[in-house]
Amino acid sequence: MKETTIRELVNVSLRKPVLIEGLPGLGLVGKIAVRYMIKLLKARKMAYLYSPHFPYFVIVNRKGTVRLLRGTFYYWKNDKGDNDLMMFTGDSQAQTIEGQYEISNRILDFAEKHNVKTIITIGGYRVETEEKPKVIAVATNKELLEMALKANATLNTSSIPIVGTAGLILGLAPLRKIDALCLLGETRGYLPDPKAAKSILEVLVKILGINLDLSGMDEEISRAERIIARLKEIEERRALQIEELKREESKKVTYIA
Amino acid sequence: MKETTIRELVNVSLRKPVLIEGLPGLGLVGKIAVRYMIKLLKARKMAYLYSPHFPYFVIVNRKGTVRLLRGTFYYWKNDKGDNDLMMFTGDSQAQTIEGQYEISNRILDFAEKHNVKTIITIGGYRVETEEKPKVIAVATNKELLEMALKANATLNTSSIPIVGTAGLILGLAPLRKIDALCLLGETRGYLPDPKAAKSILEVLVKILGINLDLSGMDEEISRAERIIARLKEIEERRALQIEELKREESKKVTYIA
Amino acid sequence: MKETTIRELVNVSLRKPVLIEGLPGLGLVGKIAVRYMIKLLKARKMAYLYSPHFPYFVIVNRKGTVRLLRGTFYYWKNDKGDNDLMMFTGDSQAQTIEGQYEISNRILDFAEKHNVKTIITIGGYRVETEEKPKVIAVATNKELLEMALKANATLNTSSIPIVGTAGLILGLAPLRKIDALCLLGETRGYLPDPKAAKSILEVLVKILGINLDLSGMDEEISRAERIIARLKEIEERRALQIEELKREESKKVTYIA
Amino acid sequence: MKETTIRELVNVSLRKPVLIEGLPGLGLVGKIAVRYMIKLLKARKMAYLYSPHFPYFVIVNRKGTVRLLRGTFYYWKNDKGDNDLMMFTGDSQAQTIEGQYEISNRILDFAEKHNVKTIITIGGYRVETEEKPKVIAVATNKELLEMALKANATLNTSSIPIVGTAGLILGLAPLRKIDALCLLGETRGYLPDPKAAKSILEVLVKILGINLDLSGMDEEISRAERIIARLKEIEERRALQIEELKREESKKVTYIA
């Protein structure tokens, strides 16, 4: 394996598939959202993507078995709508610039092979807020952008860069006549953020016109919020201690002087 | 896209074209100068250059649309002179050594294909000065250097390296029997420097024998100077405060000792 | 040599060979274990592996001769059992991500060529302990894992990554229908650790069903332990001195305040 | 130029040529020695080596002309002896591991093409000494090593790595049935060291059996020594000042306490 390669696991024919991509990134927003979709839709494995640009370690689970870092494509047959779905998530982003381009292009190769005309990528957008996370939409064409805005996504008001696979796919897709939309969930980014992922999914189900019960995410969200609350407490206590220490120090100095 | 590739947008035949190159670098001198030329000459897009050696993010604009980092070739038909012009600028330099060589070579491939015999690259040269920026000329042959000196460029008096695409093109061009000239505008380099870019353009129009009204740059220059003046003020106030603080400190110390 | 290449030194036909791999890593556990096996079994050189991903220096010995960094394959004909052995060790791991994947794949190419169906890789696992080092087993299939557990290896109870060639081989082997087992010896990791290597070998000889007198390692182990004891002494003395210094300092401060 | 390439400048047929290599490295020993030989022998340019693994800048001289970083092969017809000479030096070492291997291999390709059977590489060896620099010899075979020892080189008594092209050529040459010797001049390494280069050349002329008046190097050596003496003075004065400052400080502290 000198290059990124895809191993197909099943031979499946999909109707007008839309590809949803979410790799680990800021707040793990993309990965959490796509994994939740896969779970709820009972989507099935379609192919593995291996790459020499992933980090050079393997993952061992508690049963003592082991596997290479990889990305996985899933598919879901949509009985009630026009578009079947393909989903892609994985263990890691590429570790080099060239690797980032190579992996994005392999994903697009695979999408082309399965006649994907639309790709939706998911990521996080760093914001210091405690309100309900907004979902920012960016697209390669206006129709797609309009669809996202109607589904309650918002337009970004300043020029921003989108880093990594979620961004590069948007940049590379038009070269292959594929439309692409990126949904970025607002997140503080330093912890897994299921709340931002839920906001994304609320927009996504409207765009796709599918039913998905997102209430199951609320437990995960509460757990994440309890962790954040605890970290805040620790942080505040430490700030207080430092404050006190400084006062003590300044007393000494005043005394000497 | 495993390698740097060029996508031609139009089929155009140019008469003895000269290529002007200016990518982002010190003080953005090259990019500002080339962009200004493109705007004034109403030059048209000719081709895009994409590369896996550019940074791995995409650029989003305020309308929510998105594009890959790229370089763009422009052309301008020169009705009054012998040489049509090609211009090249872009979002970024390559991020790796190998990428720098690859992109410079792709630019030269494209130049060769269009029978370019002369290339002029533009960059910045770091100097701490507040006078009118000088323009330093470096060339692969003497005739070209003479032309630049006659157009008020100056010779550098010490041995200097020219980093990045503006330099590598000069190094690589002779291997393809292409002449190349590099014009470096003096700049302090830490802010976009339209003044240095204007100095470059004053030399360039003389060399090329074309008419270009550069007065439109003056507004941009004033704006840049106001920013610099404000930054200086802030800097000086901070220096004063530090000075004062030190005096206070030294009083205390004297007192103790 | 643009890529990792293998130079075969002899033409040898092996019966159902098992490949044992141990490159330098944490505590040098893998390299020490494999080198000891090679010595005791009087295994013979089979091939060299050279790579442009090894560090760019050469090794000079005291006689003034010199050689490239390399890996070496050895073989041993097993007269009393079903499986001949191949062993691989070397001077260094690859220095880049892509190099790590490339070297692991070349090792697997060579294994495939010689009909290897099972590979055992050896590494270290960082633990702060002074007890007899445990041996953790990780495998690509259950039978192999069971064999290791029966030979006194233990299951890891948390999810761990295995970094470097020992890990990547496990990740890549299944793509070629090769089974692989990784034995990780507990080690503090910052010094060559023959004790951890011996623990590995105790498990390994049981799995392979071969006789190997490991008592020869005890001298090396005592020497390593004497070095550790001495380092500890130095460390403790330094800690005491720092303690004392701090007390002196605090006296002064108390006095001033 | 995607890869390191060699451009031949002349068509020359050499008798049993020996190749001497000296790129910039520790104390610039190799480059100084080879450049001095080229100058004295009035050796002529034979070929340029260009590489995308050199740093990405170009060198401008005071006349405003410019060139790519490169290596240069020279040749010298030896009328009085059996072996003509080829010499190689350049502006820089490769900047990446893969580049180091690639450039060393291109040098060997060129050597093979011209039927070189023996290569002598030159480098520096870091030692804190003020005595006459010794020359350490390392070789791929015993005869070559013996020749060097007879010419007053010494054997290194500990195992050392030789970093960079001078080392890699020694490692790679045997794979092509070429013998290679490396001469390392003792140097403190942080300044250009013509004294170490002279020691190398004294050994080299004996090995090659050629006449070379090395007295011309003495002026350069005196100049280098004057610089070192001055730096030492500055260093000592600074050390004194620091000493004094510390004494002042300790007085104050004593006073307070």
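Letters A, B, C and D mark the chains as written, and numbering starts fresh at 1 in each.
Assume contacts are C-beta pairs under 8 Å (C-beta built on N, C-alpha and C of every residue); 3 or more make two chains touch, one makes a residue touch a chain.
Note that the structure is a prediction, hence the values are computed from the model and not measured.
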Quiz item: Counting only C-alpha atoms to place each centre, which chain is farthest from subunit A?
Solution: D
Exercise. Could you report, rounded to a multiple of 5°, the rotation needed to superpose subunit C's C-alpha atoms on subunit D?
Key: 90
Exercise. Could you please state the distance in Å, as a whole number, between where the Cα atoms of subunit A are centred and where those of subunit C are centred?
Key: 37
Exercise. Return the distance between the CA-based centres of subunit A and subunit D, expressed in whole Å.
Key: 52
Self-check item: For subunit D, residues that touch 2 or more chains besides their own
Solution: 256
Quiz item: Chain pairs in touch?
Solution: A-B, A-C, B-D, C-D
Self-check item: For the subunit B and subunit A complex, residues of the former touching the latter
Solution: 1-2, 7, 50, 52-69, 95-96, 99, 252, 255-256
Self-check item: subunit C partner contacts - residues on subunit D that touch it in the complex
Solution: 97-98, 100-102, 105, 137-142, 145, 155-164, 167-168, 170-172, 174-175, 182, 256-257
